[in-house]
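Shared chain: chain A. Partners: chain B in the first complex, chain C in the second.
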Partner chain A sequence: MIRDPRKKYIIFFLLPSMLILCVVGLFPFFYVLILSFHQYRLTWWGKPWIFVGLDNYRYIVDWDRYWKSALNTIIFAVGSTTLELLIGLALALFLSREFRGRGILRTLIIIPLLIPPVSIGLMWRFLLHPLLGLIPWIFKSFTGVTLSFFETGSTAMLSLILIDTWEWLPFMFLVLLAGLESLPKEPFEAAYIDGASRWQIFRHITLPLLRPVMVVAFLLKLLISLKVYDLIYTVTTGGPGHTTETLSYLVYRETFAYFWMGKGAAMALLYEYMIIVFAVVFVRYALLKARG
Partner chain B sequence: MGRYGVMASTETPKKKLIFAAVILAIIVIAGVSAYYLIWKPAAEKVIRIYMEDMVETEYLEQILPEFEEETGIKVIIEKASYEVMHEKLVTVFTSAKGYYDVIIVDNPWVAEFAEAGWLIPLDDFLQEHPELNVNDYLLSLWWTVGAYWKDNKTYMLPWYNYALALMYRTDIVSEPPTTWEDFYSLALNVTNPDEDFYGVAAQARRGYKVVEEGLNYVYGFGGNVFDEHLKPIINSTEAVEALFLYGLVVWKAAPPGAINWEFDEAFDAAQSGHAAMMITYNWMIGALNNPNKSATADKWMVAQVPGGFAVLGAWGWAIPHNSPHKDLAFQFLAWVAHPETEKKLALMGHAPTRKSTFLDSEVNSKFPYMQTLYKVVNNSLPIVPPVTVGEQIVHILGRYFSDSLLIVKDYLDGKITEDQAKSQIMSKLTAAAQEIYDIMSEEGYYTEVFTLPPPWGPG
Partner chain C sequence: MSSRKNSHIGSKIVNLAIYIVLSLLLLIIFLPIVWIIITSFKPEYVVRRPNVWMFTPTLENYIYITSIRPIWKPVLDTFIVAFSSSVLSLALGTPAAYALARYRFRGRDDLAFWILTFWMSPPVAFVIPFFLIFDRLGLLDTYFVLILAHTLFNLPFVIWLMREYIRDIPHEIEESALIDGYSDIQVFMKITLPLVKPGMVAVGMLAFIFSWTEFLYSLILTSIHVRHLTVEVSSYWTIAGVVLGPMTAAITISMIPALFLAFFLQRHIVRGLTLGAVRGR
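On to the complex of A and B.
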């Protein structure tokens, strides 16, 4: 029994939101979990679900397309996040210094984050149009060569990574900039006094101190990238062939376009478990390393 | 500091009153708006229609005032892009309370919706309205977006067709090619990358587009997706030859990047003067020759696709099972499906579905190529017959057709020989046939022997 009236007061006000979170969060999870053990298509409306045990999971484990999509997803997520981290760090370092016009540059950099993802996909699809797009036109004016960004699996994936980098660079930049500006000044002052070069300061002081922030930023953005759907849908629809089909896109198509709810639930849950395992391992390893 | 660590309120009673009044005003405004936007329309004679956001809908909107004046029924058309329509419709069908009174249904979805009991059969309605004369509809359209072959009930009435046809520049092409080989030769001859001019504005993007375009080649070579008993036969030598040739067209006679092009990119390339030919919906001849939409207006003509047999697509009108105003919906259907209404729309550029419209002298006088379009629609076949996994089958074909185009690229890059390329394409099509067979099995299509009606089957 809670005697402290203050605790009772706090619990009383927290209880409604906790209940809502349970309903909104836990109920769908268990619903999907139970659905994943059944065969059911939404167009079998009014008919009962058919219990199939682990059959849906067995089907997915043997399904080449699922694992090919997983690989595409990892390539996309790691590629774009790494690029964003590197460019974001460079920009953050550059714009952490005082100079005239810094404020304007910082504002311009975050513009892509304000544009809806679907608009970004459509915009870049037409910007990269080989005959009518601005970027191929500029390139052709200087070189005489017509660029085509989506002709092969490799160029299509690379183009998607670059578009995603353009879209999410502001996020990485803001997080790293905030991290840089929160670093203590004393180690840097001591290093200057001791005559350390800029590269030595960056390598031995900035990077180690910033590492926890970089780990968090990398993980956050990686988790966002692993769920990519809108860019694939608007730019390539998973093509050419199967080369840019990601897991989110595959799960969405199977579940909400073709209505295989049981299989879709199993696919989504398996995907979720893989991400959770990865996130836990990554965070433990990266933070341990960051702490030396 | 308050008793539980909460800051004591410093607002005056007057400020609290103003704040409460503002919140109350917002609630009242929201409630009144909701009433006028949602509930009140339900009390009046209003129907909601869900349609694709495209030119056919605009034609209908222009003559809608006639219906509203005649019947006193207000029509609200909600328009959406094609990509979201399927999922949105299923969401509405499965909700307890209906929202749309009338909808349009694309042909791959017909069986899915009919089998789930989501569409109201129209047989009784048609008996009460003999003036709608269903025998006037083209046979290919009737069995695509009209009657459902499995239970012989009529769930829809054809709205418009989008059979594919060949568009060609009359200043570059003197005679439209009649075979796919001639088409490829001609396209290659006129292609000049230095001038950014290409033979064909192809739309080979994975998904619907590559199938809508590539399947014309398959039909032209004598191939098909299903036989009359619904067994997949896409893995034929004819289909392999067709897709190989299609690949050559895409990589050698179409603009770079066409493998990822949808309709918009291809249309932009054609209308802006970068292509001599295009395989697209037959009624696009109007847009290509429209000076407001095309920089090459009045230079285009339409013909049947090479091979003479085209992919057919069509939309049909239907009434959802949970339509909130069924009686009003039927009134609308009786008007929109009337032959006279179709003629009015056809005179604006609408793609007809009735023989009487195709053969009407006034329509032919305004659109001299109408007889060509009549031949196009009469000699066309949908991608899939009405089956409950139609949408999924289109996308299965889309993936493997796209894979086949990449194989042709490997051949053109010298990585594989022509025989190896064709063998790999056959493997892809066999995988497609297997996937199609598996999902058709799961849906119960092979528990008994079905025979499709014309145009797939005998008769």
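On to the complex of A and C.
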């Protein structure tokens, strides 16, 4: 498109958005960057910040709890996203054919994606509660054993991962289904004529052709899960101990429960850098690649 | 002949298997939701006992959440914020998306991705400065601050996705309008906007849902005068205890937009949540 003399229109179209993003995005970003070099507590209302240089960052680097919660975040994100990808792929392969009720299925199945995660968290906390919950009760009436999901760190984390899977499996399933439907027919016909087995077709044709879609779905869901906060807040509040504490939750606690704003700012920024680096290195590439 | 018969039986088995898998899937998805809705109609003495199946349905939980802790204020507040934030994002974001889709300029793709990084950033990194800045301005606990905060993630989303929808429109239409003497702004207003309207509706609904389901900004930036529905719902189960029956009623209320919008969004959700990278059907 040759529209060089019209450059002024670019500014006209872009300016309002850019102004808003500078006010609500860029300015807060620099504000929190400056704050991260200071000590400031929320209980000091109005008093000036105290400059401490890199002290906040030094503190974080040596702080086990920060890195433990970073690990928890990664375990949660990778665990849930992998599980969803595997189940979603199996379901999409199995259901990528015509059957009655497909349209209704597509409508019904997206409902978990549209419910507030806070409601999902409380819903499952109730359903899994050892005394009040439906699921421990069903289990107990068959085996006599009382399940308690949130008493040890590993079962609490596993429960969170399963709850997340309930919410996000529809996303994986639908994305992979859309990916399967958009694949060209010819390679499959050719392989079929050549007498390839089902496994060979899956391994050497479906999987490679579907890979860009799988990668982009995996990375985007991973990115979203790395920011997890609502589920932790409503289901486990980081417990038992700090075993399910994620970075978002730890930063929230540090700032709005213990009021260490400067330290919290440094923690939040380090966390944000990690996510942005991940996004720039992997997600950007995958987005371009999947669109072709 | 016999092989055809076999394949017929085979396809019947496959069909049966499909419906078994489907039933399981729908059971897993809907059992929790249905259980919550059933519980919301249980009287107080049954709510805490999952083994009681026979009970007389009651509205007492809904009476609780409308009279004792009125939920209409949070519902209305959330609607106002979600609606304003998505309309604002559409109004500002669609022209920006148009510029990024239709003009070639240096650094365009980097700019587009830079915009998207605000959507990607963890909200907790922005809620800290938002709180301190708007506290100083005396604007905490207002619609204004929450609409702005939600616009921070909705505007990048709208720009990125509207760019995809605008790219779908053949640009020849716009070029012939340019030759007819339309200015760029007229082309955008009179040619592109009408064509991209269905996309705007879909993207607007998605932005509405993101704002409707948001929690962290709402929890920190607002409290009494403005109250987000997710904050209200979460307040039913805290360390101080749980008010179970009314909580399930509140959760049921919070799910209503999902039940409504699922039908309209099913054709757009794949594209929306993959930021346009994967096209739905």
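Assume the second predicted complex is superposed on the first by the 270 of 292 C-alpha atoms of A that agree within 3 Å, B and C clash if a C-alpha of one lies under 4 Å from a C-alpha of the other, contacts with A are read in each partner's own complex, and residues count from 1 in each chain.
To be clear about the criterion, a residue touches a chain if its C-beta (ideal position, glycine included) is under 8 Å from a C-beta of that chain, and two chains touch if they have at least 3 such contacts.
Only a predicted model underlies this, so the values are computations on that prediction, with no experimental measurement involved.
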(request) Using the superposition on chain A described above, determine whether A:44 touches chain B (first), chain C (second), both, or neither. (result) first
(message) If we overlay the two complexes on their shared chain A, which of chain B and chain C does A:6 touch? Say first, second, both or neither.
(response) both
(request) Check the contacts made with chain A and report whether chain B or chain C touches more of its residues. (result) C
(message) If we overlay the two complexes on their shared chain A, which of chain B and chain C does A:257 touch? Say first, second, both or neither.
(response) first
(request) Answer with first, second, both or neither: which of chain B and chain C does A:151 touch in the superposed model? (result) first
(message) Under the stated touch criterion, which partner chain does A:132 make contact with: chain B (first), chain C (second), both, or neither?
(response) both
(request) Using the superposition on chain A described above, determine whether A:180 touches chain B (first), chain C (second), both, or neither. (result) neither
(request) Enumerate the residues of chain A that count as touching chain B in its complex and touching chain C in the other. (result) 6, 9, 125-126, 131-132, 233, 237, 256
(request) Under the touch definition given earlier, write down the residues of chain A that touch chain B in their complex. (result) 6, 9, 42-46, 125-126, 128-132, 146-153, 156, 233, 235-243, 253, 256-259
(message) With touch defined as at the start, can you tell me which chain C residues reach chain A in the complex?
(response) 15, 17-19, 21-22, 25-26, 28-30, 32-33, 35-36, 39, 48, 50-51, 92-93, 95-96, 98-100, 102-105, 113, 115-118, 120-126, 128-133, 148-149, 151-152, 155-156, 159, 171, 175, 184-185, 188, 209, 212-213, 215-216, 220, 229-230, 233-234, 236-237, 239, 244, 247-248, 251, 254-255, 257-259, 261-263, 265-266, 269-270, 273-281
(message) So in the complex, the part of chain A that touches chain C is made up of which residues?
(response) 1, 3, 6-7, 9-10, 12-14, 16-18, 20-21, 23-25, 27-29, 31-32, 35, 91, 94-95, 97, 99, 101, 105-119, 122-127, 131-134, 137, 141, 166, 170-171, 174-175, 178-179, 181-182, 213, 216-217, 220, 223, 226-227, 229-230, 233-234, 237, 247-248, 251-252, 255-256, 261, 264-265, 268-269, 271-272, 275-276, 279-280, 283-284, 286-287, 290-291
(request) Would you tell me which residues of chain B are touching chain A in their complex? (result) 4-5, 83, 86-87, 90, 93-94, 112-113, 115-118, 193, 196, 205-207, 210, 255-257, 259-260, 265, 268-269, 272, 274, 388-389, 391-392, 395, 399, 402-403, 405-406, 409
